[in-house]
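Some structures to go through are shown next.
What follows is subunit A paired twice: with subunit B in the first complex and subunit C in the second.
Up next is the complex of A and B:
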């Protein structure tokens, strides 16, 4: 009797079903609604409207601005922290790292609510500085996501390579510029990926700090809650494209970095 | 010969990390210009720390390091005319060969043409002409090693530091690089300071070897001096193979060890305790009765060009390297020329422990507290004329002896101490940090957590790192009061 035997193709069936049901189908549905009008006819109106409507374009620019600012601040704050934690001569660097990552264990809304109270105490009324508060809250929320990949990249960086830089006569800024930064690009990229994309779409923070300006996430939400599936879908699709391009771009850089590492 | 000039001078350098144990203790060292100096020692002896202090990566806790007469000990690495070849090369993986080598030159803002010229010159020196555009990651270990050397020497440093630079290479490549490094040293005329734990490598390459152990210099000398005239048992044991015996001087240039008397060429006072070192290749096998020793061959081991032969002479064992193959069980005579017996005066500084008197109990004696242990000692051992009156210690004239807080030195002979693997049995507990075979027994150095060493002889074989307890020979220990600084004399 032949033994019962599952080959790779059979084993992949459940995953294939999952992929089709929860990834491919929803994507197709989004694309279908994005490129049809109310009557179900194929149309590019939604697509054109998005890029010509000052309101949606304004939202895109506002989202981008928030995402860029939050990412840059996170990077500037996280890099020195990650560097000190990874390269400093502390016996308990992982405990220190834990302190920075610890807030992630607490519920997100609870953290933002607490921060909101602190900001209210400092500013009097949150409504005065909606943009600033949004940035502060997002930086607070996303900072650990930036620290982790940078810490990993810097820990992997051989200290003797940094010492070799000093040995050959370089000062700290020169070593930073021509050795440390180039060799931690993969870490920087994954940190940016972890922060930039959520920062562009996370409208919960805006809601919580009474920032009435729309970002991409809130725009999509508002279309869908008013049953305008077509416009909601096209924005989702456009955002997906943005994310897709960014992912392809970072993938390339990461691959290059990994190849170099493997060859060493 | 040209006149030698000191290029690096280390004065009383001490280094401890985080204020803990001293990695380097009071080290003074002179390195002459143009020399190939090797810092040799077992791992953990502090050799890399010395190199890192010269390179500027670690700063001495105390003392100074002079380069050409000026103190550089606190300068940053980039302010020193010194370059390093790192253990794992530490090449910049994101730069190609040219940019790696040109890194230091670009910082000096040389012109492009000058940089090009220097890079191609140094690539020729390391035998990698035309490698400029190659990516570091496509190079073999040996090639990376050469690029690392090129990257350092292209800056024309006053001193080149090499940190175990050959240890990552395979055996054949290492042999090749040893010779190449030596010829490179000749051509460049730069001072090389090379760190290694490989004694063979050190003997092959160096003009001068600094043998280190426990953060202290054991001996400085040419390879020949280190090999032929080891300053102490550690050096004798660490460099090459040796037979070591405990003995005593019995007359003018006569020493007794291994159960017989030998003529030797070292002169020490009669009765002095010594250790005798005989290299296996310096022992000649002769017919029984024709040498100083007779013994039975216990084992032989063919090594290609010679046989390692072990000969049991009574209770003593001798390792002999000879060209003939002797069968185990064969009786042979062993002969050693006086010139080949190296006598080392016995180190009397070992097993001395300073303690303090802390009380007196009638019937038990003086209570003495040492760093690792405490014990009662019969008061007569320290105050021979004392007696006890009403439970108190009095002197000859009936006066009370002021013993409290007085410093005491206690010592014992290694052969009187005993070892046990039962921590409760002994007086102190520590780990074996080194051991040598001395003819018919092993000499163990046991270090406690307080960094105090105890030397104990034992016939059994224990292992490096073993946790053992030492049973102190309380009856046989010697005690003496330490002289106090006499303040009364001043007034």
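Up next is the complex of A and C:
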């Protein structure tokens, strides 16, 4: 027992076990199925088929379109809210924030069911505008995920830097462009990560608003229900690669930002 | 014990040369071991009870806790106090002197069940639909029922004694690679596919054809099941409408066989045209839904909804509670006859005679007429059991649907109506009978009760093979609306089932073709961005 020291490395053991069992192993299974054919031989046909089939590529484009639009709208809506909450002169900032984030506590299927009724009242028939409804419901669903990181980034932002900007004669747009936005890039990026990928794959929302066009999530589901594990897995693997690229990309931006900060 | 399980999973299965299967099993064996360690040991096997692992559809069995009792004419009272599974366990102990423990689990779709079986979940007795039973049989995964199971003279052989001769004949017509499905499967529930519609919004004439899903008059006001097979069937019904409604075709002596062939076509041209039809339908219907259709019918968001008959009964009941009167109709050109049944799996039973006995006893217990009624009452679907010697099922139909006339006190009234039924000497066996016509029904004003009643007499085929007399014997005096509602949905008349066909289990190639067509219907085509038509 004498030799036993509880250092930081041992603290990571519980999560490591969890990671291997529930993250790494399933991923390996997905990769195995993605790069094999029906008979278990290594094959890249699934991969090639995905990028050459006009329907799967169409689904990718359709999902990307939804995800980009939803993310942009979320960002445009969330940024001013987060800014006002973080920089406004309110006594109870965090209580206000809670009010914005509170909807997250209610199961999203319930919230969307309620929203569906409102949309039906406004539009007469939900099925007339499936794309619009999907975007509305996803924005509604994901908005809190955008507000949170932006709020955190903006609270951390030192107000004296902004004041210095004004003192030097900058107008608000100039301050926003040269000070606030660049310094909140990490918050923006984590907000985008929280919204973009779920928006690409969350087909439950599509199903609920009766959008019959598949997005990536529903396409994966349809392959699995027709026993085509290989093609279903390759799509999951490709999405995984997207996440990987995205992570590398954002890390670069963040590193660059840090270096600039150090220079200051 | 852990080792034992590992061995079961890894080595005791059929030695398959396929690397994929082996790899799959190793992967999932390790997962099973992990989950086993997490959940701890199961002590039931140790206590000497036979463990029967049953997997059934969600909400597809009586779970007990009723707050009312069914009182049938002959005084039989039926009430589900406990779940029927607990009752089975007790009954099994009383009858066979052995303990059985049912591990009951559920699945949502046939494909889900199939995937579960493939990744290593082990069940003894499962309840898939017709085509999935065929698929499992084709892959050699099933164990045949013992000969004594089909012996109607056995006291506890309620299935052999009670199964409807009609369902039995449908079963006997199905075979896979020369093996008859009937030896491997025992029916549970059956029904048809049709259209639930709101008579105030849409005419019966429009609703009674598959092309209702393309009808522009109901733009975005009809829902369709989000299911490849069901939508494909509807598409074939539209595609070959002219062919299957031609007089020559309908009057041909082997009409049913021919209809079954047409509505099971999977050649490339048929699939391609079905894809075009479904693409058009996608732009015209309200949604492809998995479960929301029932609620949307009741709230009036949609005017028609393609449903399985059991769900239709449920929807109609729900709507009634909300004061909305909906109807059900089966498309005239031909509809889908489906059934779910119990099959025993090789991987589960492992040639254990005790297990097989328990599994067969489970099916028999579910088939005992009073238990069949319990399940039917609870879930709204129609049991394949007609009762045989026992007339409980017929009494139950009367209990549910008979019009409120004081039959017992006015015997001559009944005779009068029967005489009226006699006045229409319709031979329902006749192949020339126009499908969809109401020839088997006769109407009679009932002066005494003040309420209009009709005699619904087309369901004798379900109870007895010889339909000529059975139709009269098993006629139901009911209110006219029932002819378009629950009674008609639950027990369709002979003229309807005559143009209902079972959808076969397609071969792999055809399945792939149809699935691809379905993906094409559902996916956004990137070419639309570049090619403007």
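Throughout what follows, the second predicted complex is superposed on the first by the 231 of 264 C-alpha atoms of A that agree within 3 Å, B and C clash if a C-alpha of one lies under 4 Å from a C-alpha of the other, contacts with A are read in each partner's own complex, and residues count from 1 in each chain.
Keep this in mind: contacts are C-beta pairs under 8 Å (C-beta built on N, C-alpha and C of every residue); 3 or more make two chains touch, one makes a residue touch a chain.
Keep in mind it's a predicted model, so treat the numbers as computed, not measured.
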With the two complexes superposed on chain A, say which partner A:228 touches: subunit B (first), subunit C (second), both, or neither. second
Scan A:179 for contacts with subunit B and subunit C and give back first, second, both or neither. first
After the superposition on A, what does A:167 contact: first (subunit B), second (subunit C), both or neither? first
If you tally the residues of subunit A touched by each partner, is the higher count for subunit B or for subunit C? C
Mind working out whether A:15 is in touch with subunit B, subunit C, both or neither, as first, second, both or neither? neither
Quick check on the superposed pair: does A:58 touch subunit B, subunit C, both, or neither? Answer first, second, both or neither. second
Name the contact category of A:105: first (subunit B only), second (subunit C only), both, or neither. neither
Of subunit A, residues touching subunit B in the complex: 158, 160-161, 163-171, 174, 178-179, 182-183, 260-261, 263-264
The subunit A residues in contact with subunit C across the complex are 21, 25, 29, 32, 36, 38-41, 54-59, 61-62, 120, 125-128, 207-208, 210, 212-214, 218-219, 222, 224-228
Using the touch definition up top, name the residues of subunit C that touch subunit A in the complex. 18-23, 27, 30-31, 34, 109, 111-112, 114-115, 118, 220-221, 226, 228, 282, 285-290, 292, 301, 511-512, 515, 518-520, 522-529
Would you mind writing out the residues of subunit B in touch with subunit A in their complex? 55-57, 76-78, 82-84, 86-88, 90-94, 103-104, 107-108, 135-138, 151-152, 155
